[in-house]
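What follows is a group of structures, each given as structure tokens.
Shared between the two complexes below is subunit A, which has subunit B as its partner in the first and subunit C in the second.
Right after this comes the complex of A and B.
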């Protein structure tokens, strides 16, 4: 036991003495929350809209006023024809255009159907979708108030762009961030730390000493487990204080599952480090092999349903995918183990597999 | 009498390449035994088999009387090892390094404290006990690494090119330390390619292409090859055409 404690102490000292890395590791979770939180804002303001109103009348003036009065929009141009609109979209001076039909007032009076066209700059599909939503909301309200009850008028706004549903709510990214941050802190750092000892030759000293490989690994990962927990707490606190992300489920359960995922990630880090001859390879392997799948194949950024079929299948072997379902369930839906036990079980299975693989890789001494 | 090290036909192949080719030798207790050879002659591979870092392809060996294949744990407890690479932790202090390795080898806390004092005094590092290892000069680092390898008082110590890259004065001091260890009953197996250092060894073996080409006291080796100096011996053995 004493050699083991000495070993944990040594790893803790490595971690504490490398001020730069430690600082980055502690800042990283908070920065990620802030970057994602602010960069992936769902609010779009000051949208330049052009209104094409061939025959202005009371009804269209009323609509134009409503649009102008909204915080979201400023009316960049009003004209009677759509000429020149393309150019304005292209140079970016207009991001949205509302094309009204002729004789709106009279059509409403007659109870005719009204076809209007809403054109949105879709070069950024996310913002585009949001702008579309705002404009449709104003049109909806206008329609309800202007048209007499029981009227036959229908407004149809057709959306022609892809909408990315994950980004609808900032709340959804926090669970993904927990997985992302834990992958980096746990897997990447363990992989680097073991690879560093292989590179400097100290690993050889340890492997020919009486200390067991399992004790070497355990001693190595304990400080990173602690650091992982600190990261989870930092992400949660930052998300809550800055973005008021809810935590509807059980905190203890959330931390327990995070603990499990930390071990999964550490085990993956060990597997990588047993294969990598040096720190650089370990780092690239961890980045390419873990971070990208964690971002892309876990449902963190792109919903798994919208991935091509082969990638969907591939996502089943990405631990973060399962962890994400659990964290989203606990945080956003207030779900408990009763509904999440299957995903948890998958994660436990993966962890055991990686641990077995990793310790076997180390046990084959430096042959 | 049990030999400190006894190797019989010890062989290691990597694929089709034979790094160590049926090496047979023994080291007596308290003996300073030199392993000489050019880079890539198989010295390090031989050492790594003896310390249990590499499994032999064939042949057998005992270290401190224990079989390296079946009793590796016993072997590990009884040997000290200093690798070719510098093997202390640069970001730990001198004292922390000593404590760490002492703990790993099961030296009691009290012994660690007293031995740390001895080590620091012996190599003149009393003032630097709490400095990070990365801050102290290479020569001291090497002496420190050697002292750490001897911290748990092993019966046998393996030194793999311990004097690579250090200045002549430090090399000199280093060899004094090796002698001290030998005089204290510790067997020393040391690899080197400095031929002047070979003269300090009681016996040497010269490895060429994984096999032992000559073995004995330095004088015996010179005589058997018919050379005046070890330099000449070395040239004759490694490049048979060139020295004639």
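Right after this comes the complex of A and C.
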């Protein structure tokens, strides 16, 4: 036990001595969560819309007024003909165009069918769909109020958004960011720290010492677990105080699972580092190999349900995916271990697997 | 010039000698582009739904039938009471719950109005909005259908009101193909990640290994040094970019409506910015570990604040200003404008010029920051 403690002490000193790196490690995750908590959002606001109104009258002015008054839209141009619209769509200065027919008021008065055309920049299908939805809602409401509807039958839907009633982007992305930042930072930290010992040749020295390979790995990881945990605390405090992300579940459970997840990510870093001969390979694997998959296959930005079936299966091997379900479950939904035990068990399993592989990889190198 | 040439040759030898790295540089982007392009979508496939039907009449059954017929919903559970709702939502068993209250049919017949409640798991935000609009349009269609078919009590038939005839059209991507939108973005991400990592790590590594001193005592100038470090990675990144474009075209069939030369012009300028930035990071950090973290931070900001995944227009004002200084934002905008919308130089000339100027600026920064002498 004593040599092991000495080893842990050596690693801790290593970490503490390098103030610059320590600062970076503690500060970056919080900084990232702060910046992206504000900046990563999907709500669509301030859509530049062009209205083509060949014969303005009371009804169309009313409609234009309504569109302008909505904070979703700003009217970029009103004209009497559709000329020049193509160019404006191409250079992106207009995202949507509403083409009204002539003599709207007269048509309504006669009870004629009113044909409007709504053109949306659909290059981004998601935003396109949302923009179309907003415009359609305004048009429908306007039409219902301008044209007397009488006793038309209507089923009135009352929607309720559970767990995130305002659809606040920060509530959605902050838990995701926690998972994302933790994965990359933790995996990268260990991967590089072990690969560095290899590159500078000190790993050989450690391996010939009486400390067992497993103990070397453990000793390397322990200081980083503490560091990772401090960083989780900072991130969670930021999430609560700055973004007011609700914490409906149990704090202790959240911290415990975060601790578990840090170990998972660190263990992943160990596996990478045992395979990599030098720091460059280790970090390309950790960053280039993990960054996009963690971002895209974890449900952080794109919902898992949207993935095609084979990729949903692939997402099962992404640790962040499981952690994300847990963090969102605890923070937003107030879920407890009773509902989240499966995900937690998967993380435990992954951690054990990574640890086993990591320590074996180290032992083999000696032979 | 010869000096630069030899140094470039040295860098190439160094890169290609390390098989693992070469393998990584080419394989990671290709594999990820092939796999992740299918994943980057907000499309809602099929929503697992629970229906709580307290009414149990032909009208309520009809509604359930319409929901299932649309293929967007899969009614997983059909319950008489709302007892299991909370648990099903919490457990992610269902994403949506439709609650049809008692006397649904009766209300429709008597008053022509009846409420239903739609509960959505909005844990994943964007999806909830889309699911809601699916459900609402099915409800609206069913209302219109009932309006014609359902016998009504006491309410006199009103004059037929012609419904609003709204024709919607989606420009540029009418089939709502996410790949057309995301493949260019992923291509840019991968090229950026690889390029920035390799350059950020490069000089720091020479520094850590001590070989930088050897280079420093040679008579070459700072500009030659930086140029020699830049050119190999610039060429490599262009090759990766080209492979990406080829995959995009051949595998995913992304449109190429504009001039490819413009795309390449932008790519050349853009890569100078990114790689120059990498080199600059490499000159200001002492260890590879530090270099990696700074590079990681920069990449995160570049990617997440560029409009790649979430639109720039959704960001708060200050973040939009920050995004203006983000080369990735401009490059992706140019790529999407040229490839998807077929824009020409008159629209994308300015951002390309901006990228070029930024590239020169970053290079100048790296050259001045690089010290040949040891303090």
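Things to note:
The criterion applied here is as follows: the second predicted complex is superposed on the first by the 286 of 367 C-alpha atoms of A that agree within 3 Å, B and C clash if a C-alpha of one lies under 4 Å from a C-alpha of the other, contacts with A are read in each partner's own complex, and residues count from 1 in each chain.
To be clear about the criterion, a residue touches a chain if its C-beta (ideal position, glycine included) is under 8 Å from a C-beta of that chain, and two chains touch if they have at least 3 such contacts.
All figures in this text were calculated on a predicted structure; none of them were measured in a lab.
Once chain A of one complex is fitted onto chain A of the other, the partner contacts of A:13 are limited to subunit B, with no touch recorded for subunit C. When the shared chain is aligned, no partner comes close enough to touch A:224: not subunit B, not subunit C. In the superposition on chain A, A:206 contacts subunit B only, with no contact to subunit C.
In the overlay built on the shared chain, the residue A:307 is in contact with subunit C alone; subunit B does not reach it.
In the superposition on chain A, no contact is made by A:323 with either subunit B or subunit C.
Between subunit B and subunit C, C contacts the larger number of subunit A residues.
Residue contacts after overlaying the shared chain place A:2 against subunit B, while subunit C stays out of touching range.
When both complexes are aligned on chain A by C-alpha atoms, subunit A residues 18 touch subunit B in the first and subunit C in the second. Subunit A meets subunit B in the complex at residues 2-3, 5-7, 9-10, 13-14, 17-18, 200-202, 204-211, 365-367.
Across the complex, subunit A meets subunit C through its residues 18, 20-21, 24-25, 28, 31-32, 35-36, 38-47, 89-92, 111-130, 132-133, 136, 139-140, 143, 147-165, 167, 169, 172, 184-185, 188, 192-193, 196, 276-281, 283-285, 287-289, 291-293, 295-297, 299, 301-303, 305-308, 311, 314-315, 325, 328-329, 332-333, 335, 339.
Only residues 18, 20-21, 24-25, 28-29, 32, 35-36, 38-45, 47, 63, 89-92, 95, 108, 112-130, 132-133, 135-136, 139, 142-143, 146-147, 150, 152, 155-159, 161-174, 176-178, 180-181, 186, 189-190, 193-194, 197-198, 201, 205, 286-290, 292-297, 299-301, 303-305, 309-311, 313-316, 319, 322-323, 333, 336-337, 340-343, 347 of subunit C touch subunit A when the two sit together in their complex. Those residues of subunit B that touch subunit A in the shared complex are 48, 51-55, 73, 76-77, 79, 81, 83-92, 96, 99-101, 103-106, 132.
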